[in-house]
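In the two complexes that follow, chain A is the common piece, with chain B as its partner first and chain C second.
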Partner chain A sequence: MALNHTSKLFALFILAVFVLVPDVAFAAADAAKEAGEALVGAPKPTRADYPMIGGLNARTLAWGFAQMHLFLAAFVLAVPMFSIVMEYIGHLTKDERYDSMAHEFMKITMSAYSLTALFGGTLALTLFLFYPHLMGYLMKVFRGQFLIYALLFLLESVTLYIYYYSWNALRYGNRKWFHMSIGLVLNTVGLSLMFIANAWATFMMSPSGVDPATGAVIGTVWEATRNPLWNPVNLHRFIANIAYGGAIVGGYAAYMFLAEKRAEVKAHYDWMGYTSNFIAIAGFLPLPFAGYWLMAEIYAYSQQMGITAMGGILAWLFIIQAVLIGTIMLAANYYLWCGLMRTDRGAQYAKYVKYIAVVIVGGFLVWVTPHSLILTTDEIRLLGGTHHKFLGPLGIMPAKNTAVNLMLVFTFLSLQMFYRSSRVPTVSWAKAGNMVIIALYIIGCTNIVFAGLYGYITPTVYKVGASVPQVVSTLSIIVFSVIIDIFMLRGAKSEKVHWGRMSERSQYALFVLPVAFTWLMGLMGYIRSSLRTHWHVYTVMKDQSPDAYIPTIGQAGNTITVITLSFMAIMVFVFWLSRLGSTSQVKPS
Partner chain B sequence: MSKILSNKWLVLILALGVWAAYFHTMDWMLMEAQGLPVQMSLMPR
Partner chain C sequence: MTFARVMIFSLFTLLAFTGFANLVPQVQGDPPVEEKIDVGSIDMAGMVLLGEKLFSGKGTCTLCHNDMGRAPDLLGIDLAKEFPERIADKSYEGIAKGKTGPKAIEEYIMESLVDPSKYVVPGYGKKGSNDKISPMPKADTAPIELSKVEMNAVTAFLQDKAGISPTVPLPSADEAPKATGNDEDEENEPATTGVAAITKYGCATCHDLEGSEADIGPKLNGLAKRMTDAKILEAIVKPNVVIAKGFEADMMPDDFGEQMRFSELNLIVEYLKKLPE
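What follows is the complex of A and B.
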């Protein structure tokens, strides 16, 4: 007897609970067992205690392997998340294209999976080899959780292989539900793995469950896990992974689009590129808000740490961050504008593109304007002070918050124009509905600007407070527009979308996205890790190694760039491998 | 009602008013929840 949808969803939920519960329970049991141990503080290694192997720089090695593992892991964890959503959409709409695309996304993941494990293993070996005291201490804090991590990794491998290889065997009817259940287990395990790894990284930034003076373990594994920065990082990485995964598969679609000659195959990869770009933007739009929460929690945990990040030695890197995010937004918007040409109605929206471009470029310029400049005495004299009288005010947060919120709103507008270009509303109140949306944009954007102005005339605490209505305004515009569109486009007349009718130039925008995302992740990962300054575990275990210093911006930039280029080389190899897998030699006659 | 809906400019004016009320209330509530001044006369200078 077939189960109804509610029962199926309930079954999936129960399955997820079964996977999650042991994770937490075992960790707690471990802690209880070891509670009777004598209290021993965190190790205090001297410089001589750090192993030196040849001329190898331990930090650069660990940095490189950790970053490569993280890039690959983010991709490998993200793709199954949106693949299962696409599979579900395909099942609901009975449109097999979604199912095939989800399957193809997973194919790319499979090529990258073994590399993820390879870099993870190399990272672990590097850490144990060069930082034995730190790793010993972390094992004492997290105890059995390391074994659970290993177990989950095994489960991840098993479910990933079953999910991918059973795709065609479990494609229709109730079997499809079974297949999606495997996908759900895979995603639950994947997320658990990420949450555990996040706990280790965030414990090093904001330790809990240990004695603040000595570092002695006094709490349970759960207390160390649930440290102050754990959930902000969990949320930020969860959303960022989706955006990143979308950008990477978009790069794959562009690669295939450019490599293919057959029109129908080009059309398929154009559609895939559009979907990937949509996923990347959907993940990217809420990302600044999650980042804002993380930063606010860092300030709340330690003002010193917050100031090191945004007002101290690392502050200039946030200007590079602005350049990279601006690049992502310009590329994503450019791709959407090119996409308007896929429909015959799209041209009528093209006239608005220049106005959107003005806002995006203007916002980008405001965002990259630094507040404090590194100037010579002559330059200060010529400038009439340390801050430029017109550009100086654009360097502070109210201006940047206003700029980024308007950029997000107008990026959403580009997306809205695209999906509307292929649909003609048939409801009687369509004109009125459009007016309601126009009014929403006008008032919402005005509110963002006024909240920014309010931030200018008030002290810092009010500036931070004024950014909250800006965020809610941006989200309100997006959410209400989508709700109105859902009702307005019900029963809409569909216009033919000419998939494949895209310029080759537009595909390079899809290449820009993964490169800029990768660079951005490398940069922000470096900042997050550097916030600990000369501590392995912040305020608890000092870093006494020869590398216990913050590198110059140039050195950090070069290292991040080399890592980014290495990762992109690996990705090109993965794309090539995926293409090779679907190529058959013609039988000789 | 249908007469109002058929005049798009009237709808625009009404919608501007409704959205202004929504955003104003939202601003007010969020600022008050954070303990920040919401009236111009209370604003620090």
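What follows is the complex of A and C.
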């Protein structure tokens, strides 16, 4: 039995290695292609070349299927990532609860997996039907990579099933390590899948490996893959997916908590909700920084594209983004504050909540207050066409940077407070340690505020520079407090956490998270696609379809809402399915 | 019951986001519309006007060239002073080097369009390039893709702004832009006669034209005596710059400039000039 597993693992490992060296696979495809073919440019379809099928709106269909596929895929990719971490924690701490929870997470994922494939297939079909020229061109650029994607998908299915179904068979001792290795392969395959799909999406924004004048394919697949925006999007999506997965599982836990009557089950789901919220926040904290990096790379690739993003039509989108992110932060914090009820020492921290709330709400207000130069409809129209005046570097002024950083710091403080409320340090230097942490917060926040003020008085071009010390301060506070806490709380006296001692209202915060996250993700997808303006592949292949325009924010918002609703309906179905699997009818007597 | 409560709550959250998205200004981003230029009939005033249109439209110049500091605010700064100073700058090595006069300005502008990195205005270079590389995309390649005639028009517009009479050549027949794949809709066929253009844009609903006897707008007879071609053009495209005596601003629609073809605008001006006194 063990041998059987070992050999399977070995085979999977070999495949994973093959996948991880994309050049090997691509080079093979390239070699076949090399045989001196004349350079042909990107296709130039005319409006009449876009198939019209039964009056269907091609873009809305593709948009819907792509977004559904992305939602599901993000969830399906993210859960195994934190499952394996949790499995590892369970193994280290010998606390079975972690293991069972990771298993339960996976159970939900399994029912979502086939739906992911279904939507992926439908998306591919839609794209090939309605955009044959574009897809033909992308096939030419990426050649064998589509096959690799398909192969990886197969591999993902196999590993996912093995990982889930072998859970109980490989639960303890050395077998656990086998199991975690399978999980590792699963995650490697999953990430590779996402990176490949990202290559296509980012190639359309910042094409490389093709002749800039004609679009003729002159480079290797690897060159097209490694386009300027590939890695920034890889990182941003990787982190966002984790936060997203956490938020969704949190919604599930909250629902189970509300629906349950039995105290011990309630306690379990309360703990699951807390852990999911923790994952969501942990994924969330670095996101703005990854977002900034992405935006900075967009500017570096094309200032025109960068300004298109932060100016005119899309500028307002970033205000909406701010509102959503603010909502997410408030909800996550509110949940943490309610959590202080769970310990008897919590009350001692509760008195600080109002100050944190002031900072978070204040920061939120600063962030959503439109920069004085935000445009009215008329002003935008006046500037004409697709492009508009823009709102200063990165559209987010020093005041906003300051607000965001302070909000992040204080969200982390909420998290730290709850963590502390159940642990009493016993080390002799506890007092000194606490003083250091407090000093860290004070110095860090002062630094953030002063860097913000400095940003105000320096000329435009240097404003972006002012945000670096702010980010460094934020990260330092987080990293150093974690390190100090680790040492200080060694052998700490733990207080009892009364899991389940949570108000009903607090659970609703856990529903705000997935709803806001899902909608936000849809919104960002709209921004990403809109940046290409009237191009399928920016600067290389024009979009001549009737839908080559950027829809208004309202239209986009309505579409995203409909998609989000469909996704919610599907998730309800998925959760119901996973419950169904574990209910059995009582045998009639 | 719990299920219903949770769903209603989630729906409410979702509706709040949707509502907010519908409250902010709503603007659709249309792809640039190809200007069909009537080679042969367009004059310099038409070129300047076309240039102005391209500057904020297809050329996307206003995206960067505005008062936000990313690029020289070409509409705000004193071009008559700035352009000669750039050419006289020690580090300028372009084709207009050592020259003065309107033609030199034309060459400088044209060079800025097709080879922006030839001379980078100090302080505006790409980050880390020490003002050696311009962040401005070449105007004649993707994504902007202005034709030669269009670049001439933009140059004419900027020369005009700098207070010089444009020196660019008027387009000749063989420079007519090639028809692109993006064919216009049927109903947007350009009008081919003055009367057709007047009818298409409904001028007669306000002005007494073709016997409509409308009196919302002033009588347009005898315009040629009162106004130059350029002024007539302006009165149509930017009606609120000069208001006819006895009438109020904001009465005449100010978006004809966006809707009309140049050929149509020319036809209308010709038509108006020929009206009996």
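The definition used in the following text is that the second predicted complex is superposed on the first by the 533 of 589 C-alpha atoms of A that agree within 3 Å, B and C clash if a C-alpha of one lies under 4 Å from a C-alpha of the other, contacts with A are read in each partner's own complex, and residues count from 1 in each chain.
Note that in this section a contact is a pair of C-beta atoms (placed from the backbone, for glycine too) under 8 Å apart; a residue touches a chain by one contact, two chains touch by 3 or more.
Treat the numbers as computed from the prediction; the structure is a model and nothing was measured.
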May I ask you to decide whether A:81 touches chain B, chain C, both, or neither, giving the answer as first, second, both or neither?
neither
A:472 contacts which: chain B (first), chain C (second), both, neither?
first
Looking at the overlay, what does A:436 touch: chain B (first), chain C (second), both, or neither?
first
Go through the superposed model and pick first if A:515 touches only chain B, second if only chain C, both, or neither.
second
Could you tell me if A:180 is touching chain B, chain C, both of them or neither one (first, second, both, neither)?
neither
Chain B versus chain C, judged by how many residues of chain A each one touches:
C
What is the contact status of A:447 with respect to chain B (first) and chain C (second): first, second, both, or neither?
first
With both complexes superposed on chain A, which partner does A:565 reach: first (chain B), second (chain C), both or neither?
second
Where chain B and chain C land on the same part of chain A: residues 459, 461
Interface with chain A, chain C side, in the complex: residues 2-3, 5-6, 9-10, 13-15, 17-18, 20-22, 24-32, 53, 56-58, 60, 62-64, 66, 68-70, 123, 126-127, 135-137, 141-143, 181-183, 258
Going by the contact rule set out above, which residues of chain A touch chain B in the complex?
428-429, 431-432, 434-436, 438-440, 442-444, 447, 451, 454, 457-459, 461-462, 465-466, 468-469, 472-473, 476
Quick check on the complex: what are the chain A residues that touch chain C?
44-47, 212-213, 254-255, 258-259, 300, 302-304, 307-308, 311-313, 316, 319-320, 323-324, 373, 375-377, 380-392, 459-461, 508, 511-512, 515-516, 519, 530, 533-535, 538-540, 543-544, 548-558, 560-561, 564-565, 568
If you look only at chain B, which of its residues touch chain A in the complex?
5-6, 8-9, 11-12, 15-16, 18-20, 22-23, 26-27, 30-31, 34, 36-37, 43-45
